[in-house]
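Multiple structures are listed underneath, in C-alpha cells.
Two complexes, one shared chain (subunit A), two partners (subunit B, subunit C).
Entry: the complex of A and B
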C-alpha cells in the first residue's frame, strides 16, 4: 500500500532529517487491512533511526504527538484502530519542543 | 476514490458549527468536531475575547512580540497582526528576538524570524547575549557544562527581552506562552515549593508596576490547537529542540501534562485555575522587592540574579548564584586566564548598565 508520511515539529530529526517519506507498507497478511497500529510499528522499526521514545510510548504515539490523516485529526477517524487506504497522507507533528 | 474514503472515515458527520463541511479536528476544550475554516474562526475569536476581557492592550500602544521562531510565537505574531487589523486595535507591533548564541539552534531559528519580519510586515529587533553580557550560551556551556545552563539562559533571556523592549520603546511585551506551558509552570512551582511565583505564573499580565508589563494572550490556548493552526495555515516556523535542553527538569512536567491531557483535556485549564486561585496566607513572609545595587533593576536581593551569575562567569566561579555560596558583591574584574574568553575583551560598562528583571516565569 502506497502512503505519504510527513514528520514535523522536530520528528524529522529522528528519521535522518527527512520530512516527507513516500513508502510502501504491506498489511500483515494479504486479506487484512493495514491499521494505524500496524503503521506505527512499521515506522518505528523501518523509518526511525534514533530515540524512538520521542515518537512512541507503548504501542501508540507519545502524548504530545499530533497525527493527521488526510488533514483530519486521527481522533476523529478511529485513532489507533483506523484502517488506512491506498495513497493516504499521514502527518506526525511533535508538540514537545519550545515555541 | 480518495473522496470516497474521506467521507467513509468521517462517518457522515459534519462540522458542529457550520453543519456543512467535514470536521478536521476535535476541540480539546469543548470536544466539538469542527472543520478547518470554523477552527480558524473560533481559534482567533477566542484570543480576541481574551484580549478584550482582560484589557490587555490600549489603542496606540507599542507592543513587542517575543519571537523565537518557534510555533507559539510565530502563531502569536500572525494572529495578533491579523486581529489588530480586523478589530482595529490600533497597535504598533514589533518582533523582538533574543540571540543566545547557540550554534545550530538559535542561528537557524533567527533565520525564520527574519522571514516572519517580511511575511507579516513587522519590524524586527534582535538582542544578543554577546552584546549584552559579553558571553554566548555556547561559551557559557563550555565553562559550566550541561547542568545549570538553563538557569543562566533563563535569567539572561528575561533581562534581554526587557532591554530589547526598552530599546523598541515598547509599552508591553507579549509572549507565546500557551495553556500547556502555564499548567506546566504551576506544577513546577508547586514541586519546588516556590510560593512567590505560584500565583504570579498564572496571571495573564505581570510586571504592571515595572517598566515593561508582560502578557500572555495564549494563556487559555491549547498547544495542540496552536500546532494545528500553524500546520493548517502552513505558517513558517522552526521546530528543533534546543541542543542544550535535554537535561531540563521542565521536560518531566511537560510529559506529565500531556499524559493528563490525553485522559482529560480539561485538566490543563483546571491546573491553571488552581494556580490562579492559590492564596498565600497573610502570615507567610514573601520576599521583598527591591532594586539591584549594581544595575538598578528589580531584585529581591542586593544583587539581581543576572548580575550574580554574570559575576560568577567573569570571575571564573560559575557556581556563584547556583549553589548556595554567598556572592561577593564587590564586582571585581575577571581573570584573563578564563579558558573560554579567547582573548576577547568585554568592557566593564556592560555590567553597570545592565538592567535586571524579576525572575518569574
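Entry: the complex of A and C
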C-alpha cells in the first residue's frame, strides 16, 4: 500500500532530517487491512533511526505528538485502530512551544 | 404636463445636487473635528504622559459620535469601515474589546503592533523579561535603545507611538498560577505568545476557568503552529494534550534557533484571529490547527478532535477549580521551566573529572600535551570555536572512537609524557555526557571544561563570541 508520511515539529530529526517519505507498507497478511497500529510499528522499525522514545511510548505515539490522516486528527477517524487506504497522507507532528 | 414633468426633473436634480453638497460639507466637518480632537488629544497627552489617553474620553467633550464611532476613529480606521464584512459594527466591537497578550517576544511583537494599530479598546501586555540584543532579529516591537529594559515597557512605548488613542496596560511581571486569574479576568480575549510548555497549560486552564477564548501560537526553527482554544465549544489545550510530552522533547529557541520571520508570520495570524473574535466576524481556527512549514512555504490547516468529555480542565467531570488552579505546580507537571532560558547546569560526573576554563588556559600556556574535543553539533562549531579544538559531535562520538584515539596519539608527538583528553561544549552539559561515555570506552583520564565555552568567554577570553 502506497502512503505519504510526513514528519514535523522536530520529529523529522529522528529520521535523518527527511520530512516527507513516500513509502510502500504491506499489511501483515494479504487479506488484512493496514491499521495505524501496524503503520506505527513499521515506522518505528523502518524509518526511525535514533531515540525511538521521542516518537513512541508503548504501542502508540508519545504524548505531545499529533497524528493527522488526510488533514484530519486521527482521534476523529478511529485512532490507532483506524484502517488506512491507498495513497493516504499521514502526518506526525510534534507540538511546538517556542515563541 | 410637459412643463410639470420638466419641473419635477429640475427639482430631483437640485435635490441630488444639494444632497451631494451636504455630504461634502459633512465630510469636511468630520475631518475638521477629527483634527480638533487630535490636537486636544496631543495636548492632554503632554499633560499626562504616563497614561495613554483613551480616544473616547478625548472626544467626549465634543459629544460627536456617528454610529458609536468618533470622527477621529472614522478617519483613522476608514479602511476597516470600507470593508463590507467588517464595517462600523466590526470596528465598534473592536474598540469596545480588551485583549491580553501574554509574552512580548517573537510572537507577541507583531500581535501587539497590529492590535494597537487596529484600535482595540484596551491592550494588555504581560511579560517579565528584559530586551536582549539577540532578541531583536525577531522581536520587532523592540527598538535597540530599549536593550536592557523591560519588554513590556518597550512594547508599550512602541504601541503608544503608533496609536495614542487606545488604552495600553503594562503588566511587568511573569504570568503565574498565583496571579493569572486576576490578570486574565480583566480581558475579553487572550493571546498566548509565550515560549514554554508550563505557561501553555497554565494559560489554557485559566482561560477555561474564566471562559475566555485563547489564541495560541508557537514557532521554532522554520516551523509554526496556531489554533484557538476554548472557543465556541472547541477543545482546550488539555483536550489535545492531556499528558505533557517528555522534557527532552521540548526544544527551545535559545537552543534550536528560530528564523525571525517565522514567529512573525504566526504572530500576524494570531493578531488576525484575535481581531476576528473581538470584532465578531468570520470563522475562527477553533477546532482547527494551522501548520506552517516555512522552508517549503506550505501552510496546512487540519481538523482537530473536539472538546474531550474526560478533560480534567473543561470536561464533564472537570476537577480543575479556581482554588486548585492557584496552587497547581505547572513546572512540576511538565518537568520544564516557565521560561526559554537554559535549564540548570548538569552535575553528572565527579569533580575530579572536571577542570575550569582558567585551568585549561594554564595547560595551554605551559604547553602541556593535550587534545581538546568539542562535542557540539557541527553547525555550532562553525559559529565559533577554540582554535585547537577538534569537532566530533556528541551524537557521532560512539562511531568516531578511533578518530579520538589517533588525534590523541598525534597530540603526544614530540612530548615525553602522554597527552590528556579534554572535552568542551557550549555550556558544560554535553561535555559531561561525553566524558561519561569516553571514560567507559578506554579514555579513563578524560575531563570536561566546567561551564563550556560560556565560561571560557567569561573567565579567559572576553573577546570570545557568545551566542
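The criterion applied here is as follows: the second predicted complex is superposed on the first by the 95 of 99 C-alpha atoms of A that agree within 3 Å, B and C clash if a C-alpha of one lies under 4 Å from a C-alpha of the other, contacts with A are read in each partner's own complex, and residues count from 1 in each chain.
Everything that follows uses one rule, which is that contacts are C-beta pairs under 8 Å (C-beta built on N, C-alpha and C of every residue); 3 or more make two chains touch, one makes a residue touch a chain.
On a predicted model such as this, the values are computed, not experimentally measured, just so you know.
Asks: Should the superposition on subunit A be reported as showing a clash between subunit B and subunit C, or a fit?
Replies: Verdict on subunit A: clash between subunit B and subunit C.
Asks: Going by the contact rule set out at the top, does A:53 touch subunit B (first), subunit C (second), both, or neither?
Replies: Only subunit C is touched by A:53; subunit B is not.
Asks: Quick one: is A:41 in contact with subunit B, with subunit C, with both, or with neither? Answer first, second, both or neither.
Replies: After superposing on A, A:41 lies clear of both subunit B and subunit C.
Asks: Does subunit B (first) or subunit C (second) touch A:93, or do both, or does neither?
Replies: After superposing on A, A:93 lies in contact with both subunit B and subunit C.
Asks: Counting only touches as set out at the top, which of subunit B and subunit C does A:73 meet: first, second, both, neither?
Replies: In the superposed model, A:73 contacts both subunit B and subunit C.
Asks: Please indicate which partner A:23 is in contact with in the superposed arrangement: first for subunit B, second for subunit C, both, or neither.
Replies: neither
Asks: Check the residue A:82 against both partner chains and state whether it touches subunit B (first), subunit C (second), both, or neither.
Replies: First partner only, subunit B.
Asks: Under the contact definition given at the top, report the residues of subunit A touching subunit B in one complex and subunit C in the other.
Replies: Common to the two interfaces on subunit A: residues 8-10, 62-64, 66, 68, 71-73, 75-76, 91, 93-99.
Asks: Flag every residue of subunit B that touches subunit A in the complex, lowest number first.
Replies: Touching subunit A: residues 1-2, 5-6, 9-10, 13, 22-26, 33, 36, 68, 70-73, 176, 178, 180-181, 223-224, 226-228, 231-232, 239-242, 245, 254-255, 258-259, 261-262 of subunit B.
Asks: Residue numbers of subunit A touching subunit C in their complex, please.
Replies: 8-10, 19, 50, 53-54, 62-66, 68, 71-73, 75-76, 91, 93-99
Asks: If we count contacts the way the header does, which residues on subunit C are in touch with subunit A in the complex?
Replies: Within the complex, subunit C touches subunit A at residues 103, 105-108, 193-197, 200, 217-221, 223-225, 240-246, 248-253, 256, 258, 263, 266, 289, 291, 293, 296, 300-305, 340, 395.
Asks: Using the touch rule from the top, collect the residues of subunit A that touch subunit B in their complex.
Replies: For subunit A paired with subunit B, touching residues are 8-10, 13, 62-64, 66, 68-73, 75-78, 82, 85-88, 91, 93-99.
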